[in-house]
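Sharing a structure with you now.
Labels A, B, C and D are assigned to the chains in the order they are written; within every chain, residues are numbered from 1.
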Amino acid sequence: MTTTDNSKKYLKTRIQRVETVAPGYSLLSFECTPPLTGIPGQFVMIRGAWGASPVLPRAFSIVQAGNIGQVLVRDVGPGTSLLCNMHSGDELAVLGPLGNGFVEPKSTKAVLVAGGVGVAPLVFLAEKLAERDVPVTFLYGARTENDLPLKERIENCANLIITTEDGSIGTKGRVTIPLKETLQDQNCVVYSCGPNLMLEAVGKICAAAGVECQVALESPMACGMGTCKGCAVVRPDGSFTYVCTDGPVFVAATIYGGEK
Amino acid sequence: MSDILKTTLGPLVLKNPVMVASGTFGYGLEYSDIMDISAIGGISVKGISLSPRPGNPPPRMCETPSGMLNSIGLANVGFDVFVTEMMPKLRAAGATVIANAYGTSASDFAELCRKFDDVEGIAAIEVNISCPNVKSGGIHFGVSGKPAAEVTAAVRQATRLPVMVKLSPEARDLKEVARAVEEAGADSVSLINTFRGMSIDVNTRRPRLGVGFGGLSGPAIRPLAVRMVYDVAQVVRIPIVGMGGITCLRDALEFFLAGASAVQVGTANFSNPTVAVEIINDLREYCTNRNIRPADLVGKVEMG
Amino acid sequence: MSDILKTTLGPLVLKNPVMVASGTFGYGLEYSDIMDISAIGGISVKGISLSPRPGNPPPRMCETPSGMLNSIGLANVGFDVFVTEMMPKLRAAGATVIANAYGTSASDFAELCRKFDDVEGIAAIEVNISCPNVKSGGIHFGVSGKPAAEVTAAVRQATRLPVMVKLSPEARDLKEVARAVEEAGADSVSLINTFRGMSIDVNTRRPRLGVGFGGLSGPAIRPLAVRMVYDVAQVVRIPIVGMGGITCLRDALEFFLAGASAVQVGTANFSNPTVAVEIINDLREYCTNRNIRPADLVGKVEMG
Amino acid sequence: MTTTDNSKKYLKTRIQRVETVAPGYSLLSFECTPPLTGIPGQFVMIRGAWGASPVLPRAFSIVQAGNIGQVLVRDVGPGTSLLCNMHSGDELAVLGPLGNGFVEPKSTKAVLVAGGVGVAPLVFLAEKLAERDVPVTFLYGARTENDLPLKERIENCANLIITTEDGSIGTKGRVTIPLKETLQDQNCVVYSCGPNLMLEAVGKICAAAGVECQVALESPMACGMGTCKGCAVVRPDGSFTYVCTDGPVFVAATIYGGEK
């Protein structure tokens, strides 16, 4: 079983390929010597050579480690837009792997719940679990059939169940609907990444079903490695926890309450 | 050590004049994986208070054009944990440690600095009278000469370590504050800390930071920081440590020419964690090629 | 005109709350080729003095991260040429003219404003007590309340036109200055003018500007400007005209929410000369879609 | 005879092509509807959609007007580097034509003297003059044979004389050497663009030879159209002149003294 990798490196490298995998989503591949390590749920901080603004690197979940690193970038603002418009050969600085990854299941089954770009670390996890022959049910929620980047990679390694808000593919509605059904078999662990409201809903459903749930959070980050103290989130008891070093993967109950 | 980069700031001798700025490099140890932290001229560690501080409610940072706002609120482990857990490792790593000290009153500052005096391996104390993100203390001491001098005098009495006082760009009269802390016994001044700024999320209509305001840092403020270093250099004789938006050798040289004897690199550590070491290497090459020392550049801007 | 964007700043009524900032749009006429300049809420023309001024020795501008420094030094054609040559064309173009006035003493300011009083087609006077690029006058009036109030009172007596006083970010206590000019009779305040900054060419070791220093403007200063507008909005009742780094509707909304009743666009005119009109169109759409007026946004940032 | 065009437009368009024409030099082509007007010596202000920094557009001499505008960009700093690394389809904002162009010769011959990227407006001028069958001698100075962008276009329309500092092609030395020879026939007008020191030397040689000389200057610019007052240069009498509206083309004597 793989565990979180703490041997982070700072690598100045180049883009190998930028592929638009869905409208607004680019899969960025970059060369890594030495190879990028890290497990699903860990992330990298990435910055291009774009001058003075934006200043900070951007956090992205690792989609693929090894000689060619991969991240999935959703274009939501200036930094991600610059990254999505980069070209093969452009310079890229990559710091990672950072944070704590998903803890792989002791139970025999894994249920992965992805919303939007939250699919990124879960594709990596699904592929890793498939290598170990752990059965994976992958619940993937999106707005429309166009918003499902990396769908084919998931189909190759997991039992994929899609929900869309407009019903253009899969079940119409939220991803929480098939989740409730799936959890009738309690012998599983749930892994989730996506918008905060979705994670909270998933966390509560799992708590009610008595199933372990791990969520990967986001928060604004400057350093990604515990030094700036910028990525604090508030725990149910009012204390702070840091997404980059305490997370980004947390046991859902420690964030949304209902800790057993 | 006869390295061409060796730098003297009054009683403080550094292996080179490029430090990392407080709050942007944690306690330094986090970076041991990716670089040799003993190569850095000095590590100004995250601001330390007598007791641990949890910091401000999130969000604590957001980006602005060529800069960032932070409202961390001096979240830190407190003196005891710093000394028992961090210092042994910093000593072992051969790091040059500058203790960035924060207190809520002159006597609070004095008590903290007295305690630092007994800690092995601290090269100097940087007295932070300029943090814009805390309710009491911080910037309130830094806006005018009198409270700034009071804190400096109290610290001066409490420690034999070199005292570097960190000035605020929000001082009503920066030159007056600089002169006041010089007179009160500071061995050097460092500047600038961040400017108080605000950014609003127009969708939610709420400030983008949890406490409403934050300190602006990064390349955006560099022209202001260079001007302030120049201004202060006209009125004090103690050495100046310049900072504000430094990202490369060129930026560092700008500060030397304006009057800084050493520099600190802050926000740029986030963009590139090895930037300080890169600047040091580039500076060594620059000085070697020209057969000069950094001190030969200090204040050498040619006006008019 | 019952346009949803119509905006009232005390005695001054504007067709919309988006103006262009002094010094960044010349006398407006230069832009007639590429846009309808009557669509702009107000054109604050380049600062005008009683006599023509040649301005400062070059270089007069250089770029900095997300900003620029300028040391123009109020180069302008002087009152007479402005009134006889520019004003007839501005009237013919239907432009809303804000006369940006600069003097070296309170009486100088008063004389200039008295003369503006007789000129047809001037909507308001913006009193520039905040220029960092001139030796006498300018910022010296803007750093503290007393001289700022003196100039304001003198101008107030000299003209029946609406008086907008332009504040400096370098004020020792901005709130005090704002209150002082309000009390002295200003109808509105505009802020911020530029920050004094410095940039050094490390190859020549000379400042990148001919006079050594210049005023920093552009997106880099936006977080500071928003904070200052918010601060001033807490202490004055007269309307505030906000500016500093505005480049798009989002940026303008930030200023409205912070407490500005209108905005000015400066440096962004250089990046895109039609930006003010684009912001006006975007603002009209924004307000129409939500069935609100810009005034409904003013000061509506939700704190805490 | 063509004269300066004052009908400037602000055009939001796209890059058609970016071609590296010499190491560090890119020829940028962009679509213009309506067509870009302007004569040789006039310029455009150009900015890409690169976010907040650098803030200002950059000034470039027009190399070609019409449906496809062209400028030659030398990579010397952040703005020009961003432009040189743009790709076909990228957004571009173009303001122009601006300033005053070269006044075409009344005499029968034209001598063009280019240094470095100063070649840009002179290529345009040479091509225009060739259309009107005006004989053109084109003196082109560079450091090495690699620093001669657009050389082929000049060969097609003018009598090209090259000088290089290292002698790798053409005469070894400065462009002022062949200039002196050429001016023995005084029945010509000299047009020059290049580094300031070169322009000053060219201006003085022409003054001594009693030949009219027009130079295209550079200066930092924000607006490019007379409003910011940033582009001042000092005239011999100490007064200021503005490169964007009084120039960029000046009669050399009004700048370097020796006005007749």
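The rule we apply is simple: a contact is a pair of C-beta atoms (placed from the backbone, for glycine too) under 8 Å apart; a residue touches a chain by one contact, two chains touch by 3 or more.
Since this is a predicted model, take the numbers as computed values, not measurements.
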item	value
Farthest chain (mean CA position) relative to chain B	D
Where chain A and chain B are represented by their mean Cα positions, the distance between them in whole Å	36
Mean-CA-position distance for chain D and chain B (Å)	47
Set of chain D residues in contact with two or more other chains	51-54
Interface hub residues of chain C, defined as touching at least two other chains	65-67, 218-220
Pairwise touch network: line, ring, star, complete, or other	complete
Of all residues in chain D, those that touch chain B in their complex	51-53
Touch list for chain C against partner chain B, complex	64-67, 69, 172-173, 195-200, 202, 204-207, 212-213, 216, 218-224, 226-227, 230, 245, 250, 253-254, 257-258, 300-304
Complex contacts: residues of chain B adjacent to chain D	65-66, 219
Contact set on chain D toward chain C in their complex	6-10, 47, 52-57, 93, 95, 219-220, 222-223, 225-234, 239-240
Residue ranges of chain A in contact with chain D within the complex	50-54, 78, 82, 87
